[in-house]
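The two complexes that follow have subunit A in common; it is paired with subunit B in the first and with subunit C in the second.
Take a look at the complex of A and B:
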């Protein structure tokens, strides 16, 4: 005996508890009396915070005034954003001469221009672009920021950087439009695609030489005004210190991590000692060490300024933290990868650079970005030893006569600035992680 | 060096290929190590001679003799006796160490409690609570600790009322006050026979320990449950309580009272201490919350379902199944977090709390010189603390890991 339903059952709408707003509220906010209580407490907290912040920061706030007293005269219980807006330049550039600010902006723009191709589709040779960013851009930017007389070495490096930047930009425009690289494009326009490889190479080298010569002659006549490092400050200084720290953290970290995992006992012990030494002490003690002990370590006559001392300390410190991140990545690469690399006849450096390190770094991207964010935040410590980085400027405003005692508003402004930078970085790292691991999910 | 390659040290296997000095792995490894050792040794020697020369040229003294000479400056917060002008630099070092340890220990306790609470709230099935916890974590983790510390110190604690209008945070009982000079609280003063109460308390704790073991054993043998928690609480409360009352309540209270321009009596914590403590706890709790959340999520869902299928109540599932497994993933990040708390407490120097860095590395170094010795001692202190914490927790970690299989 069988029962078969002949008529199709009519489609019923989802139950109210699943589909409606009330259902969602019941499920997510009021599922039990404890949850209901928590919801009400949270709502109260949000309400009080938002109302207080809104009335203090927006409705009762003062946006234009000349002094803090004037702010108080206009509104006694509101924020005094006037001070923050008047000091914006100071927060971003410190005491950098106002008529020279274009140099800082130009430096930033050039960095964006230099790095932008890394994110563009159809552009070839991204590794090369990345390497030039690390090895050539600092000379150009460094000279632009500091100015003064250039020695012959600096002249060569600056010219090379300018040529490289121009070539990079051309290369990425051509790449975006046609998918070709710059050399291919040049050879094609000259109609030499049939020529032998050697001729093509000679043509390219010749063109490069001409470009370099033109730029070199061109730059000889121009000198930028000296801006001493003591005038550097604000977010600009923070980014300079943390930028150098970030750029050098990865190479130092990779070397130390490889040393720590080396089979050679002397190298291993030295690396472990070095890493653990720096990791077990606070950054502020390393900074104090750099400013008090580095002058003693160096031979008589060589005097480093405080900025260089701080940068050395930050580089060593961040390198040691990065070493542990890289080591974790190396440990996560399966042993079979090492063995397979040896089997196909790769030596130690071939194995590491071609097989193991790319995988290790890819695995560790969130952690690497995490330590970059940490470094950016830690850079604020330089304000303790007397550099006027962003935090130094945010605090300096409360000692400025018209704005004496203005603490809350600048700090909130700085905090939001950091929040935006760090939040965007961490979100981007998640995105990158998802993008790069896409290959593993098939 | 050629001998190493030529004579096979083990002597069992003869190398089949002819010995090639430049392509032998052992020769190369020895060569690299000797090279590294030479470079490092030479750099060390170079730095040491430079330092010695520089010290001589600048007429700076060296050696640890300064530790016994008197330091001329005072400190407003100290746990041990120290008199400026009489107390030595060695004493200053101790004062600084203790101040650092005090604030770090309290911050570690606070961080651990708050971090676990927020971590659990992040996973709450209440949408609003989870979002609030997320907002807290993201805001705190994406702003620098130093900025938060300065915010707490300059924006919150300096806005507190003056001494005359102190806030009574004990709700009208007048035993705990907050003003812009810090926290003034009532402090217990033990009387004559108070040690008896302490002894009773210790005995009660031992009793609870024995009781738990006994109850556990009985449950294993007979399956009968014993109301351990209730009896334990009764034991801990009543035994010391009865002793305390029968010895005549030998505990006085030192209540802070407003005398003239300041409070007298009680215990005082300066605003810099409170700001540092709050900033450290709030900052690190946000980091711990993420580790706790990741740890709980790392326990497979099947574990919960299996435990529920066995008939355990949700509360017991959490305590007996989820948390023990989650702890395995939480303890390693917890180790580094505790170490970070100790290290980050050195930011105290920015708001003038007299911790080790502020007292010793800054003030003493400016007054006495001896840069190498002072920097070395300060770093050594942090290294010892870091190694101790990581050592202790690694032992615990090993025990937890062993429970696996």
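Take a look at the complex of A and C:
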């Protein structure tokens, strides 16, 4: 049969069942009698729950009162949010001295200031900024939170961190305004852009030295009041523990995952043992072991406080879980990528850091963020071994005389707090995934 | 059909082989666990020589060239590349790999990097070339494979033929002495085979030492100084292309040529 097309077939709009609200409703909610019934029942359940919650939590709720009894006097079948608002500081900071709270806030603000440039499009040198966040910020924040005498090492690190933070911030502002880096800006301002590379480098090192000296002399006179770790608590403590856990999980995980895939049997067996040991034990057991058994393994004379023990335990635990995630990512990278990296002459470390790891981590973003979220929630277990983190404080309120027996409201508040943090994290991971996969799908 | 077009436009290339030996294999044996893949392979390749390796699948031809840059390890015999014997010494292996470029059947571009970054990765990190120079070289090779306008795209946005040309350019950026091709056109749609073969013919014209595993017999006729036929881990027959195709000696060669031509 012979056929030759004469006219192109015309394009027509989709039928109404595809492209209208009624069409959508019919297709998705009322496609059969059973589906219609289920839709109506579900809507009814949602309606009843929302109405109940609304009247209990909003219309009948008490927002200001001094004690739980007062709450009941005002409204017997409403939520007593007064207790939550009165205890807000406790939830956020635990028993951190009230007149020193600014230190915690300042620490948080510094972290935001430090990391914000990582999201600004025109700023250069993001790897450097990221590295200094991991290696310098903890010293500054640690001293700010704990206070007390600083040894010479801490003085140097704190000064370096302050200089770095100032430089980062300046660099970001200049970068956003002009697209230049701080060194380029300084050299131009001094009119030395014609000088040789060596001279330029010397000028920059000189400026850095002067800044460091000024900060170092300045900080010598100031000492922050000691706040013992036993006073740390609330959301602040939760974020400290999980923050350190999250920051160290990836490096530990990467090292363990590479070790597990190593060709050297000793390293491989060591890593497998370590990973499987930690993964086969619940976190709460690891925490108990860390606080009771770790001191037995330490050399005599070294006494770690409970917080440090807990943090070490959390880091190792999260690192081992991350190791398995990273390993899954490594296995998902096709063998051809390893071979191609070899054939352009890259050695093991070049291949891993430039070719394989970026792809593996990108593939694993949802899992990585998932385990970060898990870690954040898991750290509430430290309340069982006597640390007053957010969960500890949410439960402590019911033992406070004026608010005795107040359980539901603070826990609901805590739940919403966790939901917000975790939801933001998972949304961000989606965004990151979309951004990284833009234009480079296999 | 595509390869016939190539033949018309180019005609047989003159040999560029010199007397200098650049690859030497002596009694090379390899096993995958207990499967004997390469059996007593002897092969000498001269500088500038262009060799096409063909044979049925599973005959060991890919394994042979993958041994030359040590993507596969051989168990017995010597492989000497550019005067260096391949052994357990990682330094030697890394050095040889910088001198030997390789193009794969499945392209193996780095999907997380742009085309330009794919090309500059080796020169910058292995050859320690300044970034600006590396990019200049990369653009030169991209022009040679006729896709400079794709420099800022990601591999996933390119067609198979374009990706394979990028892969060739990526190898050339390392300025290798030898190029290995492992079935470079087997994963391509028919209409893209020619653009890749044309680039390879041009490369051959520059006097590059090439070992090509392929079933593109038209390409072999124009470019090859020597065609090697492998079967079951043996080199069964090798000869100049005209003799090889017109007057095959071994019964297995005859059978193979009957099946593919």
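The criterion applied here is as follows: the second predicted complex is superposed on the first by the 416 of 442 C-alpha atoms of A that agree within 3 Å, B and C clash if a C-alpha of one lies under 4 Å from a C-alpha of the other, contacts with A are read in each partner's own complex, and residues count from 1 in each chain.
One rule holds for everything that comes next: contacts are C-beta pairs under 8 Å (C-beta built on N, C-alpha and C of every residue); 3 or more make two chains touch, one makes a residue touch a chain.
Every value quoted in this text rests on a predicted model; they were computed, and no experiment measured them.
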| item | value |
| --- | --- |
| Which of subunit B and subunit C A:146 touches, first, second, both or neither | neither |
| Which of subunit B and subunit C A:272 touches, first, second, both or neither | neither |
| Which of subunit B and subunit C A:156 touches, first, second, both or neither | neither |
| Touched partner set for A:362, first subunit B, second subunit C, both or neither | second |
| Touching partner for A:203 - first (subunit B), second (subunit C), both, neither | neither |
| Touched partner set for A:342, first subunit B, second subunit C, both or neither | second |
| Comparison of subunit B and subunit C by subunit A residues contacted | B |
| First, second, both or neither for A:407, with subunit B first and subunit C second | first |
| Of subunit A, residues touching subunit B in the complex | 28-29, 31, 35, 38-39, 42-43, 45-46, 263-267, 270, 277, 279-285, 288-289, 292-293, 295-300, 373, 377-378, 380-381, 383-384, 391, 394-395, 398, 407-408, 411-412, 414-415, 418-419, 422-423, 426 |
| Subunit A partner contacts - residues on subunit C that touch it in the complex | 69, 71, 90, 94, 97-98, 100-102, 104, 106, 108-112, 121-122, 125-127, 153-157, 170-171, 174 |
| Residues of subunit B touching subunit A in the complex | 29, 32-34, 36-37, 40, 47, 50-51, 53-55, 57, 124-129, 132, 138-139, 141-148, 150-151, 154-155, 158, 339, 343-344, 346-347, 349-350, 357, 361-362, 365, 371-372, 375, 378-379, 382-383, 386-387 |
| Of subunit A, residues touching subunit C in the complex | 334, 336-337, 339-347, 350, 354-355, 358-359, 362, 436, 439-442 |
